[in-house]
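Please find the structures below.
Shared between the two complexes below is chain A, which has chain B as its partner in the first and chain C in the second.
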Partner chain A sequence: MFDYPILSLLIWLPIIGGLFLVISENMSNKLSEYLTLVITFIILLITINLSINYDYTSDQLQFVERTNWIDGLNIFYFLAVDGISVSLILLTAFINFLIAIYAVSEKYRNKSSFLGYFLILEGLLIGTFTAFDSILFYIFFESLLIPLFLIIGIWGGENRKYATIKFFLYTLFGSVLMLISIIYLSSIAESFAIRDFYSLNLSFNEELFILIAFLIGFGIKIPMWPVHTWLPDAHVEAPTSGSVILASVLLKVGGYGMIRFMLPITTEAGIFLSEYMIYLSLIAIIYISFVAYAQDDMKKLIAYSSVAHMGFVTLGIFLVFHLLDSNLTAAVIGLEGAIIQMISHGLISAALFFSIGIIYKHSKSRLLKDNYGISMYMPIFSFLMLFFLMANSGLPGTSGFVGEFLVITSSLGSNIIIGLLAATSLLLSASYSLKLGKNVLFGENIKNTQGYNECNTNEIIVLISLVIFILYLGLTPDYLFQIIDHTTINIIDSINLGRR
Partner chain B sequence: MIYLALILLLAPLVGTLLLLYIQNRSKRLSVIISNFSILLSFFVSIYLLFLYFNYNYLPETHDVLIFADTKLYYLAFGLYIDSLSLMMSTVVTSVSFLVHYYSISYMKNESSFNRFFVYTNFFTFSMLLIVLSNNFFQLFIGWELVGLSSYLLIGFWTKKESAIKANYKAFLVNRVGDIGLLLGLCLIFVNYSTTNYAEVFSLSNTINNHDIEIFGTSFNMLSAICLLLFVGAMAKSAQVPLHFWLPDSMEGPTPISALIHAATMVTAGIYMVARLSPMYALADDVSLFILYIGTITAFFLGLVALVQNDIKRIIAYSTISQLGYMTAALGASLYSLAIFHLMTHAFFKALLFLCAGSIIVKCHHEQDIRNIGGLRKFMPITYMAFLYASLSLIGFPLTSGFYSKEGIIDAIGYYDYTIPYLMLLASIFTTTLYTSKIFFKVFFGECTLHDKNEKENDKEMLIPLIILTAPSVFLGLFIFDILMSGELFGSALASNALVIDFYNNYVTNSLHFFLHSFLTVNFLILVLALIFGYYYYYKKSFNISVPKFVSTMLEGEYGFNNLSSKYIPIFQNLFTKYLWKKIDILTIDNGLINNTSAILDKISNKVRKFHTGFIYHYSLTIISALILLLLIVRMQY
Partner chain C sequence: MIINLFFIPEILLSFGVMIIILIDLFLQNYKAVTFKLIQLLLIVSAYYSINGQISFTHESYDLSEFLNILKFILILGSFIIFHYTYKHLVYLNTLKIEYFTISILGLIGTMIMISAHSLLILYLGIELLSLSLYALIGFNKKSSLSSEAAIKYYVLGAMSSGVLLFGISLVYGFTGSINYSEIANIVDTVQINSVEYLGIIFGIIFITASLCFKFGVAPFHMWVPDIYQGSLVSTTTLLSTLPKIAVFIVFLKLFYIPFLSMINVWSDILIFVGMLSIIIGSIFALTQENIKRLLAYSAISNIGFIVLSLGLVTNDGLQASLYYTIVYSLTALASFGIITHITCNSHGIEKISDLAGLSKTHPYYAILILITMLSSAGIPPMIGFHAKLIVIQALINSEYIMLSILVVLMTVISAYYYLKVIKTIYFDNREELISVYSNSSIVLSLNSISLLILGIFPYYLFNLTSYLMDLLFTISI
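And then the complex of A and B:
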């Protein structure tokens, strides 16, 4: 179908372009903007092309590229995609293109290297989602930290040192445990290919240790309660685009890893621990929502709400363990819900962080008490932001609803109490999202007439395109369902095969 | 028919999109687009109704847009066309059109004139989405979207602090109900892999035989589903204890109160239960619960209306109480009577609200009836319209309200639900009393207008009043017989036999029912209340002192006022701050994370001290270690 290595191109084009931008510090802002726009646009086009040519009726991995990399150790340069990868790559390319558009109207010192790091990040993210060799995956997974660390560390807010160190050590701690378990698994399987791990016969104790290592590793990334505290700090200090990429794509790496590694490899241990992991997810949904309500910094509020929404992703994934023996349909629904929730949260959180960035640009404050009555001066922006807040609270018709609906449905397949607790999110997410809207958008603001004026064209383009996709996925998500459906069923089947 | 029904559904949506596109370009264009789109819907609805009955069509169901079609499950948007959905959509579009027309004049001085019509058009679309739905999934989506429009419209005046508080509250309380509805929907979906009404109804006997386990006890699956769905109805249709958002929603513009918070949206709960009557008819325990919730709402919240002084709040409490009647009818499985009262109530309550709107405009946004009076001479048309609407509300014989309300009360009495019957009878007294309170205070007594040359409002505001008077008075008489004999709804509603039996044995026909009513206790109560109201509110010939605790309880709205405006916000603020500060910051961040790094710091400082850099320290260590090693080796051999 393709006579060129499409996945390698997707990974290395932005990385090389990004490195070039980082190195050439003296490049004019205009040129660097154009370069970024062009590269991200090409990537977006290629991913769209890829998703069109992806045969979603097939269970096989597609666009496989496999060559020897390190001969002696049996490590391969092994790239491929399945449905989950395709959907996440689409998200990555789309969000990065928006960041490139948004950056055009922004001022940063040393803009070319700022944009360069984002390009590198894009390449690494696509690499993480397509690597099917565990060492290759680990390398991409780990290198993700570096550009983000630099973005927050160089262009961040006042307290960035604390935030970056916390963020770096936290996630590093998790990935070390992950590396150990990957090496252990490969020593048994005598191969580093992820799919070879699925058919291993591990003893229960081995599985348990590996599960816990993965749980910590990916749990920190996603993040789960109680290892979530790095996220609000990192968000508050990160520049707008940094928050966007962090919330909308980087967190998804955790969920992706759980689906790719935890579900098929450590099934028995997962079934054993599933109840406790479900409790952790419910705590994330309920307790974190309360905490989000208490925030008076807009970015922190949305950061906590991200944790709560990712609670649905983990809930959907862990429910698979819980339902494997009793209700396979519900298990599939839960897993599909988790995937859709990831994509949807990617769009909605990006939109909200962009919006907060726009407000911050005008008022130079992220505190709720400093911003009010914005709808008087920025009616169009306020309308859009209210839409995003509604989407964040899971309003039907927006993508925020679809994932939550499926996960709650699946949880009712096991126990109505879990479903009830998960469904309280309907109330809780509305209470903090609309609290933000009530305080910031509405009310009367006569003091601060100079501060606000309507968004510029680039911002409007970014926000409107997010609106379109949030609505699209909320009203007719059938295309997304088609992409992920076979893969999901395939994963559940392979889990069951591995057990026998 | 399906294409016509699609036009009916989509016209308001297209209107919304066009209005969004033209923004504030021209008021004229906004008016034309918004009114025309609703009018189109209305005509199509009428035409469909005509086709349906004249050519004896059978109910039709179609899936229109696929939401998800995977290997294991299927979700879609679809339409269900039968007498029930067509009657309801006719009510919705007709009231909606009249309110739209009324708003042209009511909102003419607003700067965001266009935004108002965007919201109202969108509301009409979402309401039709519920009404025409053929599956639970779409029902839920429409359910939340009407909640959204209600939120936006209550907070239409974004600068008004109280409105912003009220819409926040309304949305959250509705969300509580939505949790119930969502759980009910998901329970059906996960267990039976379908959300289509027809398919679920055909399974309802099977569902009735299934059990669900909650905390180790098993419950009947059908009852559980019905109960959860009803929680949604309780919030939307303002039934105790989820009613307290509705009086506050009066912060929105008055036409909105007429359209959304009286005639249409709040009746969505009633419509839903009637639509799902094949399921509810089987769930006896839930029906009994519904009956009592409805009765309690009708009686106790009618009482609250007596102590209110804001004209809109009184009518709001009256709406809650009337919704209680409908709910009680649903609980007694008299589905067609509930829908009947829904329809008549939609017209006369919308009329009351629009009259109230005219009065408020005339009095320069004064809403306290103690400060309004003597308007009869200045607003003769409004006065007459208000009079007819009031007569219908209190159920004066021959008006629409009479047929629908007396029907419910008598039928509940006929089927021997003694306590609900007595409470509903007693509510006739309160209804009449608070209605006469508004009526006498606003239209009689000393005139409060400053300008004695004031005239009636514009004709845009008067025409809807006049038109609405007709169904408020005559609709009941017009459809009573065909409705009660089961011809109107046919198989759309379950348990028709109950109503038909009541009709044949007790009512006989509408004329007989009318004549008979003068001999009933209902009429006696009504007349007594009218006399009482006349002397108490108009002549002011006597004073009654109510015990202190009763009046505080009623004025405090049974504590719901404090609960929602004081205790819950305080709890929210304190509790959430506590969680954040104690668990997140103190325990996890400072306790676990930062402490770990501090401990590591300490250890590394200690360890660093071994590296003193002095050669004699190192040599001493090396030598002593050597000796120790040698000793160990020695001891082993």
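And then the complex of A and C:
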């Protein structure tokens, strides 16, 4: 179909461009901005082209690139896409383009390296979503830590040293356990290709240990309760763009890994443990929502809200285990809901972190008590931010509603109590979102000591384009459904295949 | 044949060293020229080490392609070390050509060690190496730490040599031979639980203990941090690479030729000792403030990986240990190499905090340290990840699942102190003087960046080790 290796291009163009920007420290800011804009724009165009050419009626992997990488160990350079990958690559490319636009109007010390690390991150993220060889996946998955570690550590807030090391060690701990299970699986399958793991005959105990390793590895990344504590710290200390990429794309790597590895490989153990994992997700949804309500730091509030929303993703995934034997349709709906929730949360959390970044730029404080009455001075911005807060609370018509609705529907298919508990999130997320909106946007602020001033053009462009896509996905999610539909059914099929 | 033999690197180097000592006597003021001659000597002997085409097994000495490639690696390593050392010594105003001649004698010692086919020749090689190391460690006469380190190493080294000799005499006493192959034949026929059997076991334990001391493996690791800290950085670089490669090959030869039928004895010892080193190296490094001590503990844990995978006695394990040895040497060369290049307040780097703010004054060096530290921590895409990967794979293939979990948990712990170094360089601010000799050294850059490049294209190194493995099994060691 294509003459050039499109996925390799998507991965290596930003990485090489980013390395170039990191090394050439003395490059002028203008030049580095243009370079970043051009590269991210090219990547966005290629991904759009890819999604148009992607044949979503087919079950096969597409755009496959497969060559020997390390002969002796049977490791392949194996890239391909299916529906989930396509949707997540689109999200990655889109968010990175927005970050590039946003960064133009911002001042950073040593800007070219800053932008360079983001480009490297983009390439690695696309690599993570397209690698179909487990070691290749692991390498991309793990390399992600390096640029993010440096972004938060160099350009972060006061407490950044603690936050970066906590975040790095937490995720490293999770992923090394995952590495062991990957090697163990490969020693049985005599191959590192992820798809070869699906048809293995594992004993129940083996599956249980592998499931727990994956659960720790991806659960820390996503993050699930109770291993979420690194996320608020990392978010608070990260610069705005760092928070955006962290919340909107990096967390999705965990969900993606769960769908790619946990569901098909460790099905039996998953069914055995599904009840407990669903409880964990419900705790994340309900308890963390209360925690979010209690925060007085805007970034922390949104960070906890991210954890709560990712609870829906894990809930949707674990419901598949639960419903596999009883109600296959509901299982498909749950998985689709989880995927759509990932995409939609990617857009909404990005928008919220951008908004908080804009507020922080003026008032130099993230605390709720220091920010009030913004709507008097930034009316357009306030309107947009209110919209994002509504989307965050799952207002019908926005993309936030679709994913949660699907997951709740699916959970009703298994147990009405689970469905009811999950549905409380609609109330809880509305309460903390509105609390944030009420305190920050409205109120009397005559002196304007914070120096609020209407957003500049770049920021408006970024926010408006996010509004468009949130509305688009909320009103007509057909396109996204088309992309992921066959893949989800395919995954459920391969789960059943593995069980037989 | 005689002419050919002249060109085996050991003899070439020995003659070369004699000549260079003489030249240095008469050309005291032209040290730069003499140093060029030394480099030339190394290049010539490196050339002959892989192009000599000599392979024979004498009663007590062998030469084979496998050993030739390793000698090439050793000479290459010393070439790089000398390159770093020269600049360092010039900067410290203590340039003496003796430093290099003594190092070359140590290099010859390592070559004799790996070529030895008899326990006595092995002992000679080890002594030659140790004697030159005693001198090198005490080289910095002005520093009391250096003298202390030299005495410590001398006393402990002499004791371990005594233990080695004791082990050798036990083996000789119970087998009647010091030749590897003959010992192998006799050990094969020894009855289990006979007196001879026990005697040989004791011999093996003593020999292993002494070699573990030279290797710096826990529980014989106490000297490592002190001596690393006390000696010049350039000596530390030497200490942490050449002897380790040599001792590794000695282990390999001893266990796979004379004591092969005693697998059950030494494989458990090696696995235990290796695991202990990984644990001690990872945990004790956490509180270190001195960068040399930190790297010393990091060396202990890295050597632990090598010994552990050697102790598995599988093809995977053997290949993993070879691979790990090469990767470790590259990483150690790079990390110590960078430290030889940087000075703080016109003295060498001692504390980790001396490196603070390096990323702002010398971003290029900061990137090099970033690469080496991430590689040591085993974070992909650096080569260190692949090394750890195949060790863990070898462990899992031998069904040591719990051991592999313990190993990876230790790598997480050790990642903390590598991150601490990166944190100091990138996130800490300081206004003190950090200076470097040159803005970019080509050898150093190649050395450090190769860790990244080889990590992205790991099959080059992997093919090399597979080739070495083939040599190992087709031709006898």
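The criterion applied here is as follows: the second predicted complex is superposed on the first by the 498 of 500 C-alpha atoms of A that agree within 3 Å, B and C clash if a C-alpha of one lies under 4 Å from a C-alpha of the other, contacts with A are read in each partner's own complex, and residues count from 1 in each chain.
We adopt the following convention: a residue touches a chain if its C-beta (ideal position, glycine included) is under 8 Å from a C-beta of that chain, and two chains touch if they have at least 3 such contacts.
Values in this document were obtained by computation on a predicted structure and should not be read as measured data.
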Contact breadth on chain A, by residue count: chain C or chain B: B
First, second, both or neither for A:177, with chain B first and chain C second: second
Touched partner set for A:150, first chain B, second chain C, both or neither: second
Which superposed partner A:166 touches (first chain B, second chain C, both, neither): first
Touching both chain B and chain C, residues of chain A: 169
Residue ranges of chain A in contact with chain B within the complex: 166, 169-170, 226, 229, 287, 290-291, 293-295, 327, 329-330, 332-333, 336, 373, 375-376, 379, 390, 395-397, 401, 405, 408-410, 412-413, 416-417, 419-420, 423-424, 426-427, 430-431, 434-435, 438, 441-444, 475-478, 481-482, 485-486, 489
Sites on chain A touched by chain C in the complex: 22-23, 25, 69-73, 135, 138-139, 142-143, 145-146, 149-150, 153-154, 160-161, 164-165, 168-169, 172-173, 176-177, 179-180, 183-184, 186-187
Residue numbers on chain B that touch chain A, as the complex places them: 65-73, 112, 140-141, 144-145, 148, 155, 158-159, 161, 164-165, 168, 171-172, 175-176, 178-179, 182-183, 186-187, 189-191, 193, 212-215, 224, 572-573, 575-577, 579-580, 583-584, 588-589, 592-593, 597
Residues of chain C touching chain A in the complex: 319, 359, 363, 367, 374, 379-381, 385-386, 389-390, 392-393, 396-397, 401, 404-405, 408-409, 411-412, 415-416, 419-420, 422-423, 426-428, 458-459, 462-463, 466
